[in-house]
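There are two complexes below, and they share subunit A, which is joined by subunit B in the first and by subunit C in the second.
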Partner chain A sequence: MSQTYAVVAVTVVVLATVLIGGFGLRISRTTSDFYVASRTVGPRLNAAAISGEYLSAASFLGIAGLVLVHGPDMLWYPVGYTAGYLVLLLFVAAPLRRSGAYTLPDFAEGRLESQAVRRLVSVFVIGAGWLYLVPQLQGAGLTLAILTGAPDWLGPAVVATVVVLAVAAGGMRSITFVQAFQYWLKLTALLVPALFLVLAWQDDGRPSVPAGFPAGVPALSIANSLGRADHPLYATYGLIVATFLGTMGLPHVVVRFYTSPDGRSARRTTVVVLALIGGFYLLPPVYGALGRLYASELSLTGDADATVLLLPDRMIGGVGGDLLGALVAGGAFAAFLSTASGLTMAVAGVLTQESRGVRHFRLATLLAMAIPLAGALLTTGVPVADAVGMAFAVSASSFCPLLVLGIWWRRLTPPGAVAGLLLGGGSALIAVSVTMSGAVPPGWPHTLLAWPAVWSVPVGFLAMVLVSLATPARIPPGTHAAMTRFHLPEALR
Partner chain B sequence: MSGEAAAALIVLGPLLLAGGFVLGRRTRPTRTSDVGTPVERATFETLHTASLAAPPLRAGLTEESARKAARRLRTLLGTDALCLTDGEKVLAWDGTGDHHSGQLMDQVAGLLDTGRDKAFPTACDDLDCPLRWAVAVPLTVDHRVLGSLVAYAPRESAVLARAAGEVARWVSVQLELAELDRSRTQLIEAEIKALRAQISPHFIFNSLAAIASFVRTDPERARELLLEFADFTRYSFRRRGDFTTLADELHSIDQYLALVRARFGARLTVTLQVAPEVLPVALPFLCLQPLVENAVKHGLEGAVTRSRITISALDAGAEAEVVIEDDGTGMDPERLRSILRGEGGDSSGIGLLNVDERLRQVYGDAYGLVIDTGAGAGMKVTVRIPKYRAGVHGS
Partner chain C sequence: MSVEPAPRRERVTGEPRRVRPLPRYRAQSEIDEQTALGGAYVRSLIRSQLRAGLTAFAFLALLAGTLPLAFAALRSATAVWLVLGFGAYPLLTLIAWWYVRRAERNERDFARLVEGRPAP
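Entry: the complex of A and B
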């Protein structure tokens, strides 16, 4: 594959991101523009921005890789990533917006009137954010290594530097437009090559995709190390619970809902997000299936995540293949940049709010990026989509009980919330950390720890409910007012 | 593998951070034995306990504040039981023997009327009850008796009576401070109301005059301006809620500027830059409009023929940053300082001072106005607004 095209594509994406971020403000000089400039973000623009931020390296590269290695079972990933928004729409979107909270710690403080819960939630937000950032950076390393033969550390370093410079230098003055642009870029970067690939497949006489494992998969491929092959059904349930319930707590997703002017538009935004994301997720499985036909050896080398990047070259070749490959590479980099910058801003926001030492947003940005960067450089071997799944599991076991019970249950108390967060979220966090450290023997222990959501989510809910019921005296005095604000449409107040 | 172990460390990072944070907060500077004589140490202990009891009392005399304070006060007095009452009921009982609380209000009734200390035997039927004697001291604010502090002991004790009297006086001072806080808040609320009422006289007169000048030459424009005027006044005289959203505030500023332009025409150029993310931010009602009014006034003051005003609202992490800049006459920094200290006395700074105080009141002292100016150098006012603050909801 020609390196030049790919490097040019990546550079163009980076430049476009920085330029739109810096100049995407609405500026008016005449009276009539004034109204336009001060109009709030509509559901469609905001939905594109949310989707742009949400579709990460796991979606862009990871799903195709998993389908290539494990076959159609892995379609639960895109289903889960999308269905999470359905749960968000039904239970959380509008009340969360009406609560006026900018971050999850804000929500916890507003609902439970407790600084202790606020601090604990902040710790989890930062933890989940870091956990989510690591695979983004690793994906960038993989992409750059495959495209240009650069060393593994270069990709993470490039993404980290661009994000820190853009965010810390105040370059991301209007993140909404950047993220909306990134969504359409990612969609184009997968859709256009996919059309050509399908045409090439038809020219090839439409060979059928093998349903089972591709020949010669070694007994210990990477994904096996995560215990999926031991107990595939349990692993699938773990994935379903984590992704369905984890989306609502992702720090960069929550922050974006603040941009909606009211609860109603937050709900409409979520509906549009469902459509945009649902459309996007039709594409990665196509790559996965074609990858089984034309690049099946990738499952042997452990580079399955690169399927999307390599297919255009494999199937089409020549200048056309190079151009399509460059387009895909640009899309992949857009995926790293958008998710990484969204997460970095969310984590940095929480860091500045919480710690008195980190007063400045720029310093916080550096800190928010430095730790996952170190993590990305030190860990290897966990597939991108699986690592993201772990962040979802932590989010599902800590923030989901907090949000759902906080919004729908009047008897939640601060001690209950603390217990649920510590037992549910804490156990998930520890399980995931232990898995990543690789110190667990294979078999059931490994499977249980690698897919903790099945047990840790019920633990979180139970602890929250039981401890709350045991401490009825601690129900915050403002519960009634908070509930009214969450559930009454703005027009009726 | 060392790499993977390091990874585990990184993932555990948040937990470690949290642990360190908690530890850091828990561990106070150690009071080691080399600090002073026993007497001095006792004094430090006492002062420390007293300082712990102060914050709850600063919220006034309520059941919650009394509950929190009673615990500390009992440690301070070293009694078996301590009770705080207001004029009508027992607010908090700390220590043993709370079966006494039933008859307590009758026992202190006289004290609440006269405001004089009272010592009395508890006359308890329970022979095992250690509380045999009590001293009740009034809590007074401005010579009014708000409630009482009652300390119980196994036997009569002149020391306890004296100590209880001193503690009650100290509590009274805290309650007086609480009263002071409350009246300061009321004053600021009154100022906000006053500012709402103040907005208009000159402005209404000038606007109407400007509109009148269009009635014959351009009736359509006059009609539009009247509608803007109606909208603007409706917003400014709104009664409900102390907070609004940045979008609404900018909308009102737009109407205000339309009316100003009717008067000054091409002499005034206004540029607006908005990051749409910050439009839903909640902020105190009418806290930007006075700043724009100020910029207009400075911009068009004196010999300046043309003026340019820039208003920008940018996204800065967990905060929104609003900057209002004009290229007008500016102001001598010393004069501005004295205005912001409340010593100015001239009308042009009242708006600035009021906005500054309200922002500090709502968000804390870190969020006051930041003003860059010099004589003849224009003025740049920066306002930072947190995106979320408990109790601040735009409606």
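Entry: the complex of A and C
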């Protein structure tokens, strides 16, 4: 494959990101611009920005790779990512916007009036954000290495530099434009090549996609460590619970809701987001299915994440294949850049909560990116899907109970919240870390620990409810006022 | 010649603009002052919104809970491709659209209640 086109495509995407970020710099003036784009982003622009930010390396590259290796059951991933937004809409979107808080720690403190809860939530948010940033950077390394033969450190370094420049320069205002642009770029970058690939498949006489898979399941492919093989049905439920309930707590998802002007537009924005990401997710399965036909050996070499990148060259070839491959590469880079900027934005927002100001924000951006960059360069071979799945499971067992009970249940107390966060989120985190260390024997123990959400989410909810009921004297005095603020339409205030 | 000195020019301004409009309706002041009646109004709103959310969530949970079992029973890869690859997304968007309509209607009904307007 010719490297020139891919290098040009990636360079164009990076330059466009910096330029649009710079355009934001010219209109980003105030502190409010930096953090919440002055809360003036209308539903359509905001929905494109949210979708652009949400569709990460795991969506753009990971799903097709998983489908290639494990078959159509893996389609629960994109369905879960989308359904997670629906659950967020049903229970969180409008009240969270009306709460007036900026980050999850702000929400926790405003609702529970407790510094201890705030600090604990901050630790979880920063941890989840870094956990999610590492695979974005590693995905960039993989893409550059496969397409151009560049050394592994180059991709993470490029993404980290561009994100720090764009975020530190213009904050939320410019990031909103960048991410909205990147949604449409990602959609085009998968849609156009997919059309050509399907045409090539028709020319080929429409061979049918093998349902089973050639013998020799890979020893070290992406999803193998997820332990699906033992008990696939349980693993599917674990995946459903983690993605359906975990989305609402992801730091970069939550922060975006504060850029809507009011609760009603936060709700409407979410419906548009659902339509946009649902439309996008029609495409990765096409690549997965064609990958099973034309690139099945990728599952044996452990490079399944590269399916999307390699298919145009495999099926079409020539200059056309090179051009389409370059388009896909540009889209993949947009995926890393947009998700990484959203996460950096969110982590920097939490890091600077003691002293909000433009200069502090810029310094925090550096810190927010430096640590996951070090993590991405030092740890190798942690699969993209694993780290992302881990973040979802932890978020579903800690932030989901906190948000849902905090918004809808008057009897939540600070000790209850702390107990739920530690028992639910903590046990999920430990379970997944133990699995990744490889010390668990195969069979039920492995499956239970690799897919903790089925039991850790109930643990989180139960701990929060029971401890709150046991400490009724600690119900914050401002509970009624807070609940009224969450649910009352803005027009009646 | 005794001419009265011209009176000093005085700047006349309007009364300061109110930052926050006074509550226009009795029910609204009940809510703002957090009386028992105001609390009951807010609780009724929260309950109706929670009911809307739970209805949609129950539908979603029913689908997500039974589909993996159905797929395992059918053993048909084509069904999985069709349902998860294409069918799921329009359905999710439809549920969201239904919920937003219902939630906004709840808020309109509540506003009507607070402002003392009769139901249409």
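Just so we're on the same page, the second predicted complex is superposed on the first by the 450 of 493 C-alpha atoms of A that agree within 3 Å, B and C clash if a C-alpha of one lies under 4 Å from a C-alpha of the other, contacts with A are read in each partner's own complex, and residues count from 1 in each chain.
The rule we apply is simple: contacts are C-beta pairs under 8 Å (C-beta built on N, C-alpha and C of every residue); 3 or more make two chains touch, one makes a residue touch a chain.
The structure displayed is predicted, hence computed values, not measured ones.
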Touched partner set for A:Leu112, first subunit B, second subunit C, both or neither: neither
Partner chain in contact with A:Val440 - subunit B first, subunit C second, else both or neither: neither
Contacts of A:Val163 with subunit B and subunit C, given as first, second, both or neither: neither
Contacts of A:Ala374 with subunit B and subunit C, given as first, second, both or neither: first
Subunit B versus subunit C as contact partner of A:Phe91, first or second or both or neither: second
Partner chain in contact with A:Thr352 - subunit B first, subunit C second, else both or neither: first
Which of subunit B and subunit C A:Ala463 touches, first, second, both or neither: neither
Touched partner set for A:Leu429, first subunit B, second subunit C, both or neither: first
Subunit B versus subunit C, judged by how many residues of subunit A each one touches: B
Touch list for subunit C against partner subunit A, complex: 28, 31, 34, 39, 42, 45-46, 49-50, 52-53, 56-57, 60, 64, 68-69, 71-72, 77, 80-81, 84-86, 88-90, 92-93, 95-97, 99-100, 103-104, 107, 110-111, 114
Residues on subunit A engaged by subunit C in the complex (per definition of touch): 71-73, 75-76, 78-79, 82-83, 86-87, 89-91, 94, 209, 211, 233, 236-237, 240, 244, 264, 267-268, 270-271, 274-275, 278-279, 281-282, 285, 289, 408, 480-481, 483-484, 487-489, 491-492
Touching residues on subunit A, where the partner in the complex is subunit B: 25-29, 31, 33-35, 37-41, 100-103, 106, 109-110, 113, 119-120, 123-124, 126-127, 130-131, 134, 170, 172-176, 258-261, 345, 348-350, 352-353, 355, 361, 364, 371-372, 374-375, 378-380, 426, 429, 432-434, 436-439, 485, 490, 493
Of subunit B, residues touching subunit A in the complex: 1, 3-8, 10-15, 17-18, 21, 245, 247, 250-251, 254, 257-258, 261, 269-277, 279-280, 282, 312, 314-318, 387-388, 390, 392-395
